[in-house]
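Quick notes on the structure that follows.
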Amino acid sequence: MNTFGNLYRLTSFGESHGAAIGGVIDGCPAGLELDISFIQKALDRRRPGQSSLTTSRQESDQVEFLSGTFEGRTTGTPLGFIIRNQNQHSDDYENLRDAYRPSHADFTYQQKYGIRDHRGGGRSSARETATRIVGGAIAQLALRELGVSIIAYTSQVGTIQLNKSYSSLDLNLVDATPVRCPDPAIARQMIELIEQVKAEGDTIGGVISCVCCGVPTGWGEPVFGKLHAALGNAMLSINAAKGFDYGLGFEGVNYKGSEVNDLFYRRDDGTLGTKTNHSGGIQGGISNGSAIYFRVAFKPIATLLQKQTTVDKNGQSIELQVKGRHDPCVLPRAVPIVEAMAAMTLLDYYLLASSQSKARSKS
Amino acid sequence: MNTFGNLYRLTSFGESHGAAIGGVIDGCPAGLELDISFIQKALDRRRPGQSSLTTSRQESDQVEFLSGTFEGRTTGTPLGFIIRNQNQHSDDYENLRDAYRPSHADFTYQQKYGIRDHRGGGRSSARETATRIVGGAIAQLALRELGVSIIAYTSQVGTIQLNKSYSSLDLNLVDATPVRCPDPAIARQMIELIEQVKAEGDTIGGVISCVCCGVPTGWGEPVFGKLHAALGNAMLSINAAKGFDYGLGFEGVNYKGSEVNDLFYRRDDGTLGTKTNHSGGIQGGISNGSAIYFRVAFKPIATLLQKQTTVDKNGQSIELQVKGRHDPCVLPRAVPIVEAMAAMTLLDYYLLASSQSKARSKS
Amino acid sequence: MNTFGNLYRLTSFGESHGAAIGGVIDGCPAGLELDISFIQKALDRRRPGQSSLTTSRQESDQVEFLSGTFEGRTTGTPLGFIIRNQNQHSDDYENLRDAYRPSHADFTYQQKYGIRDHRGGGRSSARETATRIVGGAIAQLALRELGVSIIAYTSQVGTIQLNKSYSSLDLNLVDATPVRCPDPAIARQMIELIEQVKAEGDTIGGVISCVCCGVPTGWGEPVFGKLHAALGNAMLSINAAKGFDYGLGFEGVNYKGSEVNDLFYRRDDGTLGTKTNHSGGIQGGISNGSAIYFRVAFKPIATLLQKQTTVDKNGQSIELQVKGRHDPCVLPRAVPIVEAMAAMTLLDYYLLASSQSKARSKS
Amino acid sequence: MNTFGNLYRLTSFGESHGAAIGGVIDGCPAGLELDISFIQKALDRRRPGQSSLTTSRQESDQVEFLSGTFEGRTTGTPLGFIIRNQNQHSDDYENLRDAYRPSHADFTYQQKYGIRDHRGGGRSSARETATRIVGGAIAQLALRELGVSIIAYTSQVGTIQLNKSYSSLDLNLVDATPVRCPDPAIARQMIELIEQVKAEGDTIGGVISCVCCGVPTGWGEPVFGKLHAALGNAMLSINAAKGFDYGLGFEGVNYKGSEVNDLFYRRDDGTLGTKTNHSGGIQGGISNGSAIYFRVAFKPIATLLQKQTTVDKNGQSIELQVKGRHDPCVLPRAVPIVEAMAAMTLLDYYLLASSQSKARSKS
């Protein structure tokens, strides 16, 4: 259950305050040029300490590959990699050894396993997602050769909302601000809100939107492996994720079929397309050639710097004052994680579809 | 990819207009009394023709078990079952042989497989979900012995919304109206809306809410097998589902951590609980002992009885007038499907958790 | 655990004396012509009552397909099928309700599940293998288009042994005798031995050899998915199988590397091959283009018609006299089962290899 | 395909001449004391350079755990570990860059992936099995608490055969000689043979036997997950393995059912057992409480120090003289690998059985 994917698979390991985190990527196509600087850049977008909106922990998150490549290319064998942990202040967490932070995984881990590493959240820390960035970046390298691109961005922080379709945004601006919202005016408001919340020792939630262009028709399995179900599963595995929808999603329930059906037509080049894309690029669980877009809801991070009433493992009521360096808002750093999970899912489904279409053409 | 689950697994087969649909349930605990009337009642809640809100197709949906039981009890071996198809009017679909219904799976199946059964939607028909009802009903029988209950209900149709928490509803009233909304006044409005839409030959979307009570702490895997990700994957595999959230979900992004964190306290009986349940019963991917609740968004069904402009497989523009008997709204019949998918997911995660906790106590 | 395969998957169900056995074949390439008479012929080779060497039970083993085809071709959706049970004499087994046959699965099923269907061996009956024949025959149809052929034959019964390589045999003669040994003289001796054993109410073991021609290089996964490990797993899942080896196998341990290494050379057509094939067509877990050959050892069937001392479930010592109609030797009917399991394995690995090679050529 | 197991899972990575090999162990029971010296001792039994019978390469094979433990105990989260490669002489392999060693994986890897790391055999090197030792040692720690012990030993080298049952051997003597045969006289002959073969620059095959005591009834799945099929799959995944049998295996085909059936009786303590154990501790794929024993055949290692005729990747005929330090016989170092694979398989099946039996007792 620490493995993600069917044919392209990431197995991840590691706790926040252990020696290292890392993973194994299995099923990566052979012969792919492993662009390390591309992968490191992706890690840098997620790493802590990159702006005033994020935790001040400084971790360089340098990835070391241990296997699976030869003379700069992937060989089809598994890619093992590690990222050493650094800059841990384990002492900051000593008062969490027996205490359960409200809305955090402390309690459920203790109940499930009878033992837990309380330092820095242990395995439940979002630090684990750095391994997904590695898996996702390599998937993106492979998808790039297939003409597929994936861009995520912050579309809501608290009640500050970006009410525009992806097609009317300049997605080159995502990284122009530290909040990763491509609309500069909205981004400013989001940044102000996060800074205000941070000053209060509080946290705030939000929404990330993502769009995947260039996916051809035919990726996705019709019943239990629907492409959007796989994407939903991937997104809901990200820390603090509370919801997922695609296409018109929850908003679309307000409409009639006649208002939102995507009518087919023939393009000038003879291919078939749809005039609108309310479906979000997927029909019956299978990609239809249009852009795939979806949203992921994130709750405010559970770890506050405010005093909270809770209990310890003996059931004693305590006042808990968390120390340490924490993010006031998960959104800015979660943008590359959403992209990574989308990339791994899409490459996995490309490989599944490949075996089928090759089989079909033969028979 | 027609198999759902890890240890409790349903493999489903069947098209709308083939000889039969059916499935194989593997991993069902041995010694369970197989209450056939309970299973049949669950099927009856999903079957077509049960009210004026649903398609007028009459199918009795009688399930026949072929294996896996001995003298009324499950034996631990796989349960094979079939449901014969009846009352098909395949001729109604002849004009769909080469046409692609807007926002339907016709186009993507054809592209993916190069061949499709156009009659009644073939494999993409929601008829397939009857097999899930069987798998889910048996899971519910097993969960009942563990004290777990699952209730779903319609909480929105178009813009008619039930704005109440599950805890303030009388969930015994779910089946009191054919729309399966437990608030009689709201239910009436929903019914009116569906009937109006039906009269127009149109369709309408909505939201189903679901609450699972009695799940103990410890079900769920921390990283890629988070309990809510599994539930999300399950729900998004249902036909016409477009979104999923749990706990405060998309609504919760508007709040600060200090407003929505669930504070722990010690109950009078010495056990630990939370004062609120904004988390939706799951923390860090693992059940925390509180009620699990979530929502599923459904789009308006793609198949309208209105004329639509589309193309055929040669790219010719056509005016399509669909015949046949179709639902104006998926919600009423989807309520038991949501329950079935939740039940299969929960039983599966119970079995996963069992192996771990037994292992733990030994070592 | 009633599902076999990764991408081409058979899920089987059914007991010997239930209503029917059957299965679901998932992942079959779309567009394949479903040659029902080919499949039925394969079933006829396995069915009971076909000769004096097998049980006298008469079952026609007619397969009924319920889904997954359209106008004679597979559609890429799962193929559900059933084979009704007939000619059962459940009363013959009444004295086995509480008794444990020596070396049979009666005891272990009872211990594992706390309940079992004692009639005809229930799920542990080799009757279940009829579903594998269906899955295997369809795999053979697909493999045939790829130029792959699979032939198994009886190479040993008791101490009567066929000491010839597959390449010196006329494999067209396999079905010339009911024992399915392609050497007529040896076949006669085997038949005599089986008839003698049958007259004694006893049973006898043996070995089946199998050769797969036309498999190109590149099928198989290098570490835990080695092609020969997958074949071994497949063969050892057949009832009464006790051993598996491939290439020189157990015999080859006697040799030095210099005696058995297969030297590469360039064929006249420019392709590379090996002068000998001691490896059995697989190197490092991956097919090398030579014929794949292997052996499967089968123990004498546990169910004798002689009186045996055993215990019942209360631990009482009893004299057990089994009634019913049983095979004196599993070999003749196991030949098509070996072929079926090989075919499913090879098609599965073809599909796995397809996704990889397509991925490779793109990247 | 670099992951082994269902609930207890090892994912391995690494090439012979890369930076490190390593793996991730997922599903290990929580709360287990991680006895590092036990694990290191297991690695030492496999490491090169331990005696004159093995390669002279000196690698200390120190394992470094990176995650999954807290204060000396496992936490239920994945155990990541690495073993740095040392003492590589990559230059020794330069003449293998384009050459295909006879009966080695060079050719098939190149064909499958279009690229390979030729140094030290790359991924096809038996070096990878060190990761299995780690996974197996931890499994043995868990099994020890369940009363299960696993002992393997060399029972044949070339034609020198140990013709004794495990029950008549003193298994404490396995490590008394470097060849790991518990019969001192036979061991001496084996050692002589290996030294002679080594002097010739040749290699020799053999057989390893293994016995697992203390496995209770009920481990194993009846159809496609038979315990012996899982063991066979595990053993055949070991480098150079060519065959597997259990119980009487290939030898047992010579007997009649009446000669080899294991008769049940009631022991003095009231439990049920069998008078003989020809079945090898498994009936119908499920453990029956008796000792499980099996054999694994290993071919002579393909890499000789003799000159061999072969081709390079352009099809040119070449005389190949391999350099480097190679084992003359795989057997002595494969003994702990057989134990490791058996341990991982048994723990995995214990976990599978646990979920079932817990489920059963509840329902």
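Labels A, B, C and D are assigned to the chains in the order they are written; within every chain, residues are numbered from 1.
Simple rule for what comes next: a contact is a pair of C-beta atoms (placed from the backbone, for glycine too) under 8 Å apart; a residue touches a chain by one contact, two chains touch by 3 or more.
Given the structure is predicted, the values throughout are model-derived calculations rather than measurements.
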{"item": "Reference chain D; chain at largest CA-centroid distance", "value": "B"}
{"item": "Pair sharing more residue contacts (C-beta pairs) when A-D is set against B-D", "value": "A-D"}
{"item": "Between chain B and chain A, distance of the C-alpha-averaged centres to the nearest whole Å", "value": "26"}
{"item": "Centre distance in Å when chain B and chain D are each reduced to the mean of their C-alpha atoms", "value": "45"}
{"item": "Distance from chain D to chain A - Cα centre to Cα centre, in angstrom", "value": "38"}
{"item": "Numbers and ranges of chain A residues touching at least 2 other chains", "value": "1-3, 12, 27, 30-31, 76-77, 112-114, 123, 222, 352, 356-357, 360"}
{"item": "Chain C - residues contacting chain D, complex", "value": "1-4, 12, 100, 102-105, 107-109, 111-114, 123-124, 128, 156, 158-159, 197, 200, 202-207, 217-218, 220-226, 228-230, 232-234, 236-237, 242-250, 252-266, 270, 272, 274, 278-280, 282-288, 295, 297-304, 306, 308-311, 315-317, 352-353, 356-357, 360"}
{"item": "Parts of chain D lying in touch with chain B, wherever the complex brings them together", "value": "7, 27, 29-32, 76-77, 142, 145-146, 222, 350-352, 354-360, 362-363"}
{"item": "Chain A residues touching chain D - in the complex, by the definition given at the top", "value": "1-3, 9, 11-15, 18-24, 26-27, 30-31, 64-68, 70, 73, 75-80, 82, 112-117, 122-123"}
